[in-house]
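Provided herewith is a single structure, encoded as structure tokens, for subsequent inquiry.
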Amino acid sequence: MTDRPDPQQPLGVALVGHSFMGAVHSHAWRTVDHVGSPALRTRRAVLVGRDATRTAEAAELFGWESSSTDWREVLTRDDVHVVDVCTPGDSHAEIAIAALEAGKHVVCEKPLATTVEEAERMAAAAGAAAARGVRSMVAFNYRRVPAVSLARQLVADGRLGEVRQVRAVYLQDWIVDPEFPLTWRLRKDLAGAGALGDIGSHIVDAAQFVTGQTITGVTGVLETFVRRRPLEAQRTGQQTGLGAQASAEYGDVTVDDAAAFIARGSGGALMTFEATRMAPGRKNAMRLEVNGSLGSLAFDFESMNELQFCDATLPDAEGGFRRILATDPSHPYVANWWPPGHGLGYDHPFVHELQDFLAAVSAGSDPSPSFAEGLQVQRVLDAVERSAANSSTYTTV
Amino acid sequence: MTDRPDPQQPLGVALVGHSFMGAVHSHAWRTVDHVGSPALRTRRAVLVGRDATRTAEAAELFGWESSSTDWREVLTRDDVHVVDVCTPGDSHAEIAIAALEAGKHVVCEKPLATTVEEAERMAAAAGAAAARGVRSMVAFNYRRVPAVSLARQLVADGRLGEVRQVRAVYLQDWIVDPEFPLTWRLRKDLAGAGALGDIGSHIVDAAQFVTGQTITGVTGVLETFVRRRPLEAQRTGQQTGLGAQASAEYGDVTVDDAAAFIARGSGGALMTFEATRMAPGRKNAMRLEVNGSLGSLAFDFESMNELQFCDATLPDAEGGFRRILATDPSHPYVANWWPPGHGLGYDHPFVHELQDFLAAVSAGSDPSPSFAEGLQVQRVLDAVERSAANSSTYTTV
Amino acid sequence: MTDRPDPQQPLGVALVGHSFMGAVHSHAWRTVDHVGSPALRTRRAVLVGRDATRTAEAAELFGWESSSTDWREVLTRDDVHVVDVCTPGDSHAEIAIAALEAGKHVVCEKPLATTVEEAERMAAAAGAAAARGVRSMVAFNYRRVPAVSLARQLVADGRLGEVRQVRAVYLQDWIVDPEFPLTWRLRKDLAGAGALGDIGSHIVDAAQFVTGQTITGVTGVLETFVRRRPLEAQRTGQQTGLGAQASAEYGDVTVDDAAAFIARGSGGALMTFEATRMAPGRKNAMRLEVNGSLGSLAFDFESMNELQFCDATLPDAEGGFRRILATDPSHPYVANWWPPGHGLGYDHPFVHELQDFLAAVSAGSDPSPSFAEGLQVQRVLDAVERSAANSSTYTTV
Amino acid sequence: MTDRPDPQQPLGVALVGHSFMGAVHSHAWRTVDHVGSPALRTRRAVLVGRDATRTAEAAELFGWESSSTDWREVLTRDDVHVVDVCTPGDSHAEIAIAALEAGKHVVCEKPLATTVEEAERMAAAAGAAAARGVRSMVAFNYRRVPAVSLARQLVADGRLGEVRQVRAVYLQDWIVDPEFPLTWRLRKDLAGAGALGDIGSHIVDAAQFVTGQTITGVTGVLETFVRRRPLEAQRTGQQTGLGAQASAEYGDVTVDDAAAFIARGSGGALMTFEATRMAPGRKNAMRLEVNGSLGSLAFDFESMNELQFCDATLPDAEGGFRRILATDPSHPYVANWWPPGHGLGYDHPFVHELQDFLAAVSAGSDPSPSFAEGLQVQRVLDAVERSAANSSTYTTV
């Protein structure tokens, strides 16, 4: 593995995991070569999973050259240059660290790990690898939604003045039904945390990304409304969503259904967060509102092509939130796609993150967000859990 | 003062205060006789203020028969049956208690008092007065917004199932400008609290009212972003809004600009609250979202004639938030007004609360919200302040 | 009657009609003295209706000093200075012309008349009266919605550049039910026209008011979807809305349920209009969108406190429709009311039109919109009917 | 060419055109094999364009096996089974007819042709080809937006009752700037019509598709606001949007900037249409509202994942427009994509139309919309032009 790959040779990619994230990443790897001016070409070399038949079927459907059930073996292949980790959280550390040590660039789904300790080892491995020219990135996809990138840009350009308040919520409803089964996302040993880790991690990252402030302390509460659920039945066929079938037996839910916390940013901002999977009618309402001394921003992923911007320096008679359709060629990532108003979908930001990742690999620089950033998010989540376990007392990150 | 007034004789009303709330209440007293079938007729007997000239001018403009600068003297008048307290919070207790002891029915603006101790004395006085047939009500006007009343009704009818989560924010921006002066609302001695007391009290009351759950404990944070401001210049003329002029001298802001807290409801609900006066572009965004096991509700006062309702018992293919224009004759308070779609404004709920108040006085029953309910809100605010002063540790109400 | 009334003496007002418009105008007359600095004081001298008992009851409820069933007699009273005509359209001409000839200032509900011929006589009478200092105004209330006035102001200030396109719709659903009875609004002899006259007249006036362009020609289509309906049962009690009870007999609907037309403005604008009472779920969706060479505006009465403004001179990256909450003191009519974000309702613009009317009477100037403007709207409606009757051929106004 | 291709052999696809539509179709052809269970596999065999260098570059970027500048030669290739026509409208007829005659299945971009005469020949050729098992489809992509398909389904299921009114607008702003150059879309010889043909055709098709009613007559107006524009400079590089560079010379705009027309549906519906490229701030506002006797629907492509549905059979107190996020697995086309709330973008419906096209080819049935349907849309556009040229007189289709 060299720092700057030969641009004439496509990079071989191994993708580990072929469920929801595996499907989305496959779509992105298929697309990234054909949009804009990709920094590097890629090959979808091998798809890795646990079940040979289902993995082979997925490889066929998703367009991978081959399939494997042995990720360790894959790491030994010379024609694999990138490993993309889309497994449940409990295996992130093992696979990602091994891949980095094998000299493979790594993309790893979020949250980075299930514990701070794991995340620390991963960040250390990433740091060591970077010194050898091996790159890594944690895949906080919402950063690459054009409207979210535009939000960051407006803050960075000073258009909001001093950022004072953030309110971030991520509302879903996919487990309101008490008979929805105990999938891996509801088991602490496999997922690390519930709504807090799965979707809370997204809004923590997004809030820090957009404001440029790091969270320094939190006070929080966790709640599990439905404490026992049916166990999950054996999976059959490909599943690209969050669906699952219930069996007749029940087990304990070991993660939170909802998390609420208040945080302090390094620049003094007062931030509120809420992540829940129990909000009927809210399908994927990842929302961010930022208030500064000169203006405000608001975003809702359910209307992902829009950014609301209030420029408070305008005269009062003309003030108000402006619905910017973040589909203009001047907006981040948009120029390679469609004309204004011809919006993007959930999968496009995954292409953007691969574009940025490949550009960094090509340039010999470190892509962002780094594993160190993923670790920092993990520390925030951990502080929320510690605060919740300690009468919500303010807890430093 | 008798329990059930002679309906042939209009009740004489004394209004204390003629600034923002005084203007709105004047409008409501002028209107209440002429809408629907009022339970009792009223006379606008006397307007009370501190400055004789300005009070007399306000009485003329707002349509009061007379004016006075001595509320104690007014309490001795036989033709005054109702006292409406619209002064800054530091005088609520003194005036309201004296009025109740003088046998006058009392309407008192919110928050009920500046401290729990004051509120306790007021609630005790109200209880004693009620035993003598003298009625009292704290004026949480947002309860009587038709959409908010409808929300409560839907919850009470079981349409949301078990209420699990509430997110309530009240966002304003009227003091973002650091040169906005130190009005009474920014002084702890006069107002009791800042955003927490002024607007936080509204969302606490609304959340409890809509869900039927009482808040039992909180964890909170307070913040003052702008810590010194110009003192307020002498007022001139009538002011019906929140405007003020600055003088050349500066003083310390002694209340919070923003408050954030997480609360627990008596029925197990996880509630989040935020009140701020520092959100550019948010003018009066009093928002409430409620999630239950069977559905959700969402309200935003900036679109006060709408209630969003998601009935999660509908098939998934048809699910979603329904924008109910709460302007149908079948909706609370609406039948006396205009046809569907011909919406109401900020002042109409003040008419509704007087309608309900007069109906209770006429019926010899206690209007709601009572001073005891106002006291309970005060206790929640106090618990937030105590939590904030104690590393946000969870604090029982 | 003198041109400039003695401001010390309140003007005596006679209101003819006490149904929906009578109730709204009563509310406005009760309120106008008490908001801002009214140019003239008024007395609610007499309410006029056809049924003695119901009129007397309405006078009592709405706060009028007396009631009468004889509008001609009322015109002879010296203490009546203003006549406000809120009757069905077929009596507008007779009452308004007689009132003007009797030297009374006249406010007349819209549409001005049921035919162009009537409207011409009314405009002629108004012109003659104006020469004697007697004022008249047709009550297109939507002009005085702050957001609509603000729209006109932005166009007049050149913020939209050359106005090129207007799309105006007025959507209601109150007669979707085929059993809704044949009230006067569904009878051509009493109402002149159906949706076209009742609500189409509002959007014609609003489009011309906001753009400053006069409609010069039209091509149109009319439709009646439900052609027979139950006759209306005898009314009982006050009705402030659009409700009615059905009898067992049926009759022919003689007006349009829906009207659609395309128009040309004097400044070259291409305008589209649609008025319908058959759009389920649209309660009072009076909407206006204006596109110019430099920007766009959009308004929907169902969110009456908002104006959407797109300033296309901003950089593309920041462009978009801005939701201006038209509740700022700097916005038309707002300064006398409540703080920003504390919105107004359907009835407030009726107060605004009386404020302007009284200011004009006081100043000895002609209020707007004049009967001549009402006549021009009538001519547009007539041209639509003629076009519809002539294969939609383009028809000049 | 056989009717039912061997599913083991991928169909070879030739795409003619590599500008905006060529880019979108390329994306769809790359994706369609990898989503759901494709009925047939495909190969991107050859990309055809006029300029050899630019076409070769596009083929490389978009992932086509080869490129060509000779579409006639391509039609002789045995390994090409499908021809996808994405050229400007003036060459649709020639290419599509030749391809059909050569036994190739054809996908053709909309509007089908530049004149009714061309469209008639194309429909005739398609009919003849169908008899030989050769399939054709016109690519009205908006039909396959899940929310639009859902709208059709709700109408077909009777949820709206009798469809009475449609209001359809398609608003864009990409040529508001008078210096935007005279691209082919602004030249009648190349495009056939302006806004009317380009985007008016979409809303005509969508209105007919959703309501199931065919337009039988129209009355219309066309307008060109900017009558001269700079000629287009020579293109360089790939352009996937609607951008263009101006030269120093000017020419006449020969198409409409805006079209407005009123139409009658075969089931009695009154329909209004407007297409414009001159609405500042509206980027791709393809909007459709349908009112029936039992309910209403509303759609806006700028929020393409939402369908507003009002079920007027619900009690008045609960009525209102429901925002259905058309992202549920139960919604058309969604099950193969992402979980609820993880919305789709502009390009996904192009995949859906290829899925349906390939399913029809595989099944030996005719895909929809057929060329005959494309011809019918062309006839509507032609009737609008004839009406506009004849004083807007009502003109049968």
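Per-chain numbering from 1; labels A, B, C and D assigned in written order.
By our rule, a residue touches a chain if its C-beta (ideal position, glycine included) is under 8 Å from a C-beta of that chain, and two chains touch if they have at least 3 such contacts.
These figures come from a predicted structure and were not determined experimentally.
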| item | value |
| --- | --- |
| Touching subunit C and also subunit D, the following chains | A, B |
| Contact-richer chain pair (by C-beta pairs counted) among B-D and A-D | A-D |
| Gap in Å, rounded to a whole number, between the CA centres of subunit D and subunit B | 54 |
| Between subunit D and subunit A, distance of the C-alpha-averaged centres to the nearest whole Å | 35 |
| Interface hub residues of subunit A, defined as touching at least two other chains | 282, 319-321, 325, 329, 340 |
| Subunit C contact footprint on subunit D (complex, rising order) | 164-165, 167, 169, 171, 173, 176, 219-221, 223, 225, 258, 260-262, 264, 270, 272, 274, 276, 278-282, 289, 291-296, 310, 312, 319-321, 391-394 |
| Residue ranges of subunit A touching subunit D (in the complex, touch as defined) | 20, 24, 26-27, 30-31, 33-34, 61-63, 172, 174, 240-243, 282-285, 301-305, 325, 327, 329, 336-348 |
| Interfacial residue positions of subunit C with respect to subunit A in the complex | 150, 309, 311, 315-325, 328-331, 340 |
